[in-house]
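Notes for the one structure printed next.
We just call them A, B and C in the order they show up, numbering each chain from 1.
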Amino acid sequence: MTTYFRDIWEGIVTVLIGMKVTWRHLFTPAVTIQYPDVRLKLPERARNRLYVNMDDCIGCDQCSMACPVDCITIQTIKSTPDVDLGMTSFNTKKRLYVAQFDIDIAKCCYCGLCVPPCPTECIVMTEVYEFSEYERRNLLYNFATMKPAEITEAKDKLAVYEKEQAAKKAAAAAAKAAQAAAPAPAPNVVKDSPSNAGSSGDAPTTGNAPVTEPKA
Amino acid sequence: MKEFLISLLQNQILVYTVMAFVPLAFVVPFALFAVWWERKISAHMQDRLGPMRTGGWHGWSQTIADIGKLIQKEDIIPAASDHFLFKLAPYIVFTGSYAAYAAIPFSAAYVGSSINIGLFYVIAISSLVVVGLLMAGWASNNKWSLFGALRSAAQIVSYEIPAALALLAVVMVAGTFDLQEINRLQGGWFWHWYAFSNPLLFLAMVIYFVSSLAEVNRTPFDIPEAESELVAGYHTEYGGMRFALLFLSEYANMFAVSAIASTLFFGGWNSPFGNALTGPWWGLIWFVAKGMTFIFIQMWLRWTLPRLRVDQLMYVAWKVLIPFAFVIIFGVGIWTLVVR
Amino acid sequence: MITTATTDGPTIRRTETIPGLRRSLRAHEMIVNMGPQHPSTHGVLRLELIVDGEIVVDVIPHIGYLHRCFEKHCEHMTNYQQVVPYADRMDYVAAMSNEFGYVVAAERLLGIKVSDKVEFTRVIMAELSRIASHLIALGTYGMDIGAFTPFLFCMRDREHILDIFETTCGARLLYNYMWIGGLSHDPPASFKDKVRDFCRYFKPKINELNELLSYNKIFIERTAGVGVLPPEVAVNYAVSGPTLRGSGVQWDLRRNDPYSVYDRLQFDIPVGKGIKGRVGDCWDRYMVRVEEMAQSVRIMEQAVEMMPSEGDVQSAIPKRIRPAAGEVYARTETPKGELGYYIVSDGTASPFRVKVKAPSFVNLSALPAMSRGAMISDVVAILGSIDIVLGEVDR
């Protein structure tokens, strides 16, 4: 019997205590920020949309390999020695054209694993978080700045250069082979000019000289 | 009011039709306001802001926008449902809630229908809501809706009893069922109100208020629409205007029971300051203010308390409220004999 | 005897006997789906309830709706560090705890020892994560029971924790902060003060939550005596975490199998005592979580004092992770229970197999035992008190 009355009493008392708490909260100021009129300032380490500074990108592919969801696609083209691609802000020489640097920001999981491996700190996570698009293909960011004409030009140049290199190599190999296969040299052969090197047109091209395909 | 309309329109049927719509002119704007108010109160109790943008100042036209949205929705009726009952249910629920307004005196000058068994009529007609809820739950052809409807039926039917008993205590003191008469008997300063005239009647007021929470399916008795268990209980399958009508009838019912509580226990349209600030329009203001106070307390309880499980709910009705109500009736009966 | 359920088509079964149900009330049972989309199943979980009126005869959980092939992904990662963002996403409300478990396992496999600064920072992060997870557990539990307000209070408090996380590592929910051999970012200068401020802010909030919810008679009526899990049954089901401690079993991995620097910290292990009902009921599990939050605050206060401010958090991170072939099983105490990582290495840079023993998966298996004979409302209460996260159950 006493439990009956005690339960009723406890019920009433705890209800009133709860009501007191909510009554008090009726007069505390709200903690809501009225976005988008008011925006919170994000801390400086905020990890949101990725940005790549292509001037510094050396095409090393480290970020792409570090990404756990494979959202970064990089295609590079080796540059020929006569081209000067410039220096990064870390004063290192750039040797690769970056033909394609795509980040599928829809796949990105915002883990930030791509940021530490970059040797030039060109890929960063910015504080931009309002980047929704109406079309999903607009979420594929293309950071590379090379135009298609430039890309084909670079590829062709590389192909030509590599062909030349291959030819030179083949000529050198053939000359070496010829020299090794030749009889003992005459005592008064003049060994003055290295005339057996460098002449591209005369050396016989062997059919199986490896021609490296450009990384296209 | 009635005399004025008769002199204007000369036709009795027309007059009664017009008078039937008069409370609607109060109920619909009230429901729009009450939904907004509930959202604001719940928000501030939860350290939030609630509607802020629709209409500019604190989102005052949010509900109007919501109604506009609900009106233009596609009317989806589940294929396997009982179409006739499905469509009929919201109307019956609304009728049960709205018909009670006929006998509630809004002011000294206005009462829809001045019948001398006003209270009896109000209690009787508001139990029509149960039929509507059962129809809604059954016709939806959805197991969860059925659960909600069955629980709701059990709950409302059980809580009618302590509500009626508590009101009976007031009738014993007042000597009449006529609501307008009960109001007149509470004239004067606020200590003449029945809630303050006798501790037993205060307890009766508490019992009535708790039972009325169960009547309108508000937390802690909102098991029929237990949002986290049954999705939305008996009105899960309703969308668009049908849902709006069910929602409107819930708020209409809320005000109706608040109005009954304020009429019977807190003086209705009487001013708390005796003869100051009285008059037909002041009466309306006091009446609405008292109703709103009860509505506020109902909302306050909703956002504070968890909900009771259905068997605990029945326990509270049958084993707590009804015994106390009987004791009160007994006590009030002796008191009227001895004191009055 | 209850026949085993088949789930092709609505089979109607009869109960022979069920404790407490009179034979004369033998009725046809109904199969109700607390479907994958439901407000209170804490994620996509399908509970097939076989009910007799309101009384539940059996509960059959169907999982797999959130399976994302975490373990298979791990086999294709190019290195061990890449697993950490994936591990985050299992128990997404307490992501730091998942990372902690993984790095403890990987460091044990590689034989790496990290500095005190790293250890104490990890402990602070794990305890903040514990509080965050318990806040969600308690808030959503209140919501399941019908009290909507405590949920928002808990979310408000959780914002402070997420702010601390954001200033430290840049992300609010999924951090990729604990790396094998160290941490991804050095805690900022404001870190210690922020943690101390939070501890000071949070202690009165626990009292407020108790006033509003824990000692509310209606809440007690709904949860005390409901879903009793006796200690022997709990141990037999391999239940862990607050679900186990709610049944009165004093078992916490931070005390019984210490890892990191937990053996240098003073804290109590709250267990359920059946104050309001029976030992092992929902209220006990709930209260264990509330008291664990208070204990986490205590741990953080100590850890902040003991944490060295100087030191490089990345000094022990190996350049190339290529463990010797072998295997390791390491377990940590997450807010949900015992999280175990079983890593098998075949000597290459990428893991051969990562198997996760998820606490929510195991705790969920005890649900039918707890809810037979309860009412439908009770099933909701019991499920909420187990505190599962479907990301962890399904991985």
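One rule holds in what follows: a residue touches a chain if its C-beta (ideal position, glycine included) is under 8 Å from a C-beta of that chain, and two chains touch if they have at least 3 such contacts.
Here the structure is a predicted model, which means the values were calculated and not measured.
Undergrad: Just to be sure I understand: the centre of a chain is the mean of its C-alpha atoms, right? Then which chain's centre is nearest the mean of all of them?
TA: C
Undergrad: Name whichever of A-C and A-B has more C-beta pairs touching across its two chains.
TA: More C-beta contacts join the chains of A-C.
Undergrad: Farthest chain from chain B, going by mean C-alpha coordinates, please.
TA: Here the answer is chain A, farthest from chain B.
Undergrad: Using mean CA coordinates as chain centres, what's the gap between chain B and chain C in Å?
TA: 43
Undergrad: How many angstrom between the C-alpha centroids of chain B and chain A?
TA: One centre to the other, that is 66 Å.
Undergrad: Take the average of all CA coordinates in chain A, do the same for chain C, and state the distance between these two points in whole angstrom.
TA: Their C-alpha centroids are separated by 37 Å.
Undergrad: Could you say which residues in chain A touch two or more other chains, in rising order?
TA: Residues 15, 18, 21-22, 25, 31 of chain A touch two or more partner chains.
Undergrad: Specify, in ascending order, the residues of chain B that touch 2 or more different other chains.
TA: In chain B, 45-48, 303-305 touch at least two other chains.
Undergrad: Counting only residues that touch at least two other chains, what does the list for chain C look like?
TA: Chain C, residues with two or more chain partners: 149, 153, 156, 212-213, 216, 218.
Undergrad: Which bits of chain C are touching chain A when the two form their complex?
TA: So the residues of chain C touching chain A come out as 77-78, 81-86, 88, 149, 153, 156, 159, 166-171, 174, 176, 184-185, 188, 208, 211-213, 215-218.
Undergrad: What part of chain B is in contact with chain A in the complex they form?
TA: 41, 43-49, 52, 300-301, 303-305, 320
Undergrad: Using the touch definition up top, name the residues of chain C that touch chain B in the complex.
TA: 30, 32, 38-40, 54, 142-149, 152-153, 156, 212-213, 216, 218-219, 221-222, 375-378, 380
Undergrad: Write out the stretch or stretches of chain A touching chain B in their complex.
TA: Against chain B, the touching part of chain A is residues 8, 15, 18-19, 21-23, 25-32, 34.
Undergrad: Can you name the residues of chain B that touch chain C in the complex?
TA: Per the stated touch rule, the residues are 42, 45-48, 143-144, 147, 219-220, 222-223, 226-229, 231, 303-312.
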